[in-house]
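Shared between the two complexes below is chain A, which pairs with chain B and chain C, respectively.
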Partner chain A sequence: MARNSNKINSKEVKIDVHYLTRVEGHGNIVVDVKQGKLAKCEFQVIESPRFFESMLVGRSIWEAQHITSRICGICACGHSLASIKAGEDALGLVPSEEVISLRKLLLHAEIMDSHILHIYFLVAPDLLGIPSVMPLIKTDRPIVEMALRMKRMSDYAGEVLSGRHIHPISYVIGGLTQLPSRDGLEKLYKLMLDARKDGEKTVEILKKLKFPEFQRKTQYMSLTRKDEYALYDGNLTVNGESETGAINYKDLLRETAVEYSRAKIASIKGKPYAVGAIARFNNNFRQLNEKARRAAGEFGLKAPCYNPYLNTAIQLVEWVHCLEESIKIMEKILKSGLREDKIVTNSWPKRSEIGRIRYKPNTGIACVEVPRGSLFHDYSIDERGNITQANCVIPTNQNMGNLEEDMRKLVPELLGKRTQGQITLDLEMLARSYDPCISCSVHLLDVKFVNS
Partner chain B sequence: MRKTKPRVAFFDFTDCEGCQLQFANMGEGLLQLTELVEIVNFREIMSEAGQDYEVAFVEGSITTESDIKRIQEIRKKAKVLIALGACAATAGVNGMKNRFPLELAKSRVYGDKAGTVNTIASLPLHKVVKVDYFIHGCPVYIPEVLQVVKCVLMQKPYALPNYAVCVECKMNENVCRYEKDQECLGPVTRAGCNSWCINNGNRCYGCRGLVDNPAADAQKDILLKYGLKADEILQRFNLYNDSLGEKYGQEFK
Partner chain C sequence: MENGKAVVGLGNTLRRDDGIGILILESLSKSYRVKGLDYLDYGIASFDLAHRMRDYEEVLLIDGIDAGRPFAELSIFRLEDAAYTIGGASLSTHGFNVSMLFELYKRLRIKTRIYIAGIQVKDISYGEGLTDELRQRQGYLTKEVSRFIDATLFRKKQ
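Now for the complex of A and B:
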């Protein structure tokens, strides 16, 4: 890491952050300023490719959820849900309302879990000027305990609903393999009610921290629905316009190869775009519940927001939204109970029938809003139900081009005002504010391995 | 010399990073753990990158030439090296990559840019360096992780269960999947997860690897009887197992 230069008016700035820390996966930031001009500005994804799309070929559609969950340890539930929905689309299955409501609950839990991890463990240390949350264990133990308690609440939700949060077990095509236990649901409901005050306290803490100032308007893409803050389903929207069904995603967005990174750069109408909390907030502010809108007010956040650093604050607004929505769903479940016949299903067809079943060859496409943005799964199956083609489009890939555009605007604004060390930190923080999930992004495309 | 807490580092190779996140999901338990050990390197949540460590938890599979060099460096520094999770211990789902010729896998995912992709067959850590402790599972099961941590702290070996998941499943009083006209890899898979997936209504996918002497032939006969093709049976086995095609590559063909 080149952080040693303290010259402010340097015309030569060379930044090479190898293995960016406090992000999920491996990425480098490379910036090269020659004679005051930005010669190079790249976010390089260097994680090894994983070949999920190739692994899926020949596999049964009934195990796609199990396999694709393993793309990412943070958004395992999101991958599972996108996979299940795509599988159902290919098989022509429609789950019950009860199942959909349990899926929304799991998705809310995962968004809360991921956002709290990002806010406290990955971003807050930057704002506090410390290298990680570890020193806080000694200096501010109650805050660390609160962060872990909030994390534990959403993680427990994964346990109660699907057996575990990382690589959920019981959520499958068609329904759940077993009902969540009544005891577990009641305990979870209590934890959720208790979490409200932790949420309020977190708003207070985050409000006092200063996010860097930076503005760049871009295209914001997310799912959208008139009747709710779209997460589980909806139509694709860009800056409130050009709505289309998720099934037409290939008409809307394009992915292009770049030389230096294992992730493709995505674009809409030839330009980069942003997905994730900030995009959802900008497109769907009106659908946020009242408490979430109030939390946004605490940060002075208004839609549209053009400061990517504020993505972290918006994540907290979404956390508040998801908690309140989860409490509503939980109250309904606890009041009316869960009907086994509407929910419980086997994870695979019967053993005595599986070899004989013939399917209609088909393609299934689905999109889910996961913590970092719109996630697409797209599979084709043959008559035995085996996958013949698979494609997954990941939020981090979609954000990559936008992050670089931000860096290209930001670096010249900082030259002459900040030292190389400060610029490096500003860029690291910018990359982290996108909450990049690099494990996810690298199954897609790589051109060259960067060894710096 | 004053006795200090063992210095622990976490490293990840090719994987989903879910096993190290299992630590973050321990909640308060994580704080208790930091009282027993000093975490000096954990890139996912720390910018400090301590190079002075005794115990290395290593997650993920080896999938590039540079991974090989990196794991060898870690091995040189660590007194104790722990393979954390399926990807590190058996190559996990990454092993499925090895089922296809690398060139085909590359062209399927990367199209005409396939030629420039740098990748080798997915390897578990012990194919490259000596591994002192194995923690199986996708993801790892925290009660077992804690058991291994205890063994590491007491400098004792951890004895992996060498009986099938069925044993734990019976203790949990689950109805056998075969009784329910389902398939299950429980009869051939190494226990230690407390039959996690079956307890939750699903089946065993074999993520912990096979027991030392699995009744693979009997398992295969059952599956064949129900009209599954040989390649489909092989797939049930190799979702997690036999990443290098050493054991069951030929028998089913």
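Now for the complex of A and C:
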């Protein structure tokens, strides 16, 4: 990427950020200003199509969550839960309240994990003017260690609750295949209590950093519930007005293919919309717990918030909320214990029975709020319980159109005031503030041997 | 330090040969149970290893690699014996993979001894199942990795 520090002619600007850094996957930013007018403003997703939906077709509904949890290394639990909920919807199964509490706990843990990764390792370098988190290891090692400790707490939650810190294994349709251990739960509870002070310290650190000032009002879509900050379930809500149940998502939002990007652009009523922390915050502010509202106050955040750069600060507010909600759930669990008959599923078919049991052909749809926004899984099954159609609507796709609209408003505001290098960085930071997850990663090392 | 030693499988089983690390881990966890040795499936969560591996004295990572070696060849080496690319001054999550994690490890001066069992892969396109040649060698590779665990992690004479 070129960072030209010369003052620019605001009539002619060409920005081409090839491979935006510190985001998940490959994306380009292309901006072209000709004769003072914005001729092109695109966020191009250049990843190969993933075909995960095609992989699901022909597979049993009972194994879907194990496949979809491998879609993403960051939202593995979210994909798994969306898959399980869609499967239960298709099969007409209703899990117990105890199972739902454990699912909420897992979802809180994943949101905390992802938000801390984004705040410290992906966004903080922008706000500090450093290329990566690496220089901080030398100058502020205790902060880096604290960030790792915060991640460790939420990763450990995955390990204790779902049998594996990533790609949950014991969370399945109908319940869990085994109870989390008492020892593990007690250790997790202690880690959560210890994490409170790290959260407070993080608020202190982040509020000293300056976020760019930019405002654009848009449509904000998220799940909402009257009785809680909706993450696991609720109604689809746009700008505070409850629109519809998640099963009607196709009536609400549209996905359209565009030539320049491999990701579809989503819209509601013909216009782009935002999902994720900022959308949830705007639609559910009153449902945040007291500590989270206090954290929001530290940043001067009020709903509605129209500055997308503040999505990162809102993620920290959500981290505080999720930690306190997790502690409440944990205290209830540790006090009452976990009842095997309420949690361990008895509807899970034996391997030999898969494909032999007859089901009513049906469609199951589910929505879960994952770190980056509303995630939809939509499956149809045949009489053998095999998937005949699958559709996954990913938060990052839903945010693409909105990001481009932000860029279209931002670029003219910056022309004549900022250098080309500064505008480029402003756009990169804007894209990163959405915390896009463009692809699932592949762990392939480029290795060059020194000793051979 | 928790249990002393761990074997960690990395990779994406939905990207063909990239799943080899996980498949070998699964085979080992069924056929080679040793007291004091943990098996961890870290799938596609490389960054999370940063805080998990420091629990152990010695860790063996099993992963697909692109080292220009003959397809399906196993190379086992110490972390410091491999020079790896980081992808420029900026971090990207694309670059925030295992190589980035190792850089973090070095800078944090973590004492865990890290070995890598890298298997040269060919096809990492989206899809399930290893390519035929790699699948045929999976049993051999698993045996070779278990021999390394015996000889190096547990200092058993071969």
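FYI, the second predicted complex is superposed on the first by the 426 of 452 C-alpha atoms of A that agree within 3 Å, B and C clash if a C-alpha of one lies under 4 Å from a C-alpha of the other, contacts with A are read in each partner's own complex, and residues count from 1 in each chain.
Throughout what follows, a contact is a pair of C-beta atoms (placed from the backbone, for glycine too) under 8 Å apart; a residue touches a chain by one contact, two chains touch by 3 or more.
Since this is a predicted model, take the numbers as computed values, not measurements.
Of the two partner chains placed by the overlay, only chain B lies in contact with A:162; chain C stays clear of it. Shared-chain residue A:137: touches chain B and chain C both. Of the two partner chains, neither chain B nor chain C is touched by A:377.
Touch counts on chain A: comparing chain C and chain B, the chain ahead is B.
After overlaying the two complexes on the shared chain, residue contacts for A:67 are found with chain B and with chain C alike.
When the shared chain is aligned, chain B and chain C each come close enough to touch A:76. Applying the stated contact rule after C-alpha superposition, one finds that A:117 touches each of chain B and chain C. Of the two partner chains placed around the shared chain by superposition, neither chain B nor chain C is touched by A:432. Applying the stated contact rule after C-alpha superposition, one finds that A:172 touches chain B and leaves chain C untouched.
In the superposition on chain A, the residues of chain A touched by chain B in one structure and by chain C in the other are 19, 21-25, 48, 50-52, 55, 67, 70-74, 76, 117, 121-122, 125, 131-134, 137, 141, 144-145, 148-149, 151-152, 155, 164-167, 439, 443-449, 451. Remark: chain C residues 10-15, 18, 21, 41-48, 50-52, 63-67, 75, 77, 81-85, 88-99, 103-104, 107-108, 116, 118, 121, 124-128 touch chain A in the complex. Those residues of chain A that touch chain C in the shared complex are 19-26, 48, 50-52, 55, 67, 70-74, 76, 113, 117, 121-122, 125, 131-134, 137-138, 141, 144-145, 148-149, 151-152, 155, 164-167, 439-451. On the chain B side of its complex with chain A, the touching residues are 13-22, 24-25, 27-28, 30-31, 34, 39, 42-49, 63-64, 66-67, 92-94, 96-97, 99-100, 104-106, 108-110, 113, 116-119, 138-139, 178, 180-183, 196-197, 199-203, 205, 226-229, 231-232, 235, 239. On the side of chain A, the complex with chain B involves touching residues 19, 21-25, 47-55, 57-60, 63, 66-67, 70-74, 76, 117, 121-122, 125, 131-134, 137, 141, 144-145, 148-149, 151-152, 155, 162-167, 169-170, 172, 176-178, 257, 344, 346-348, 350-352, 354-356, 439, 443-449, 451.
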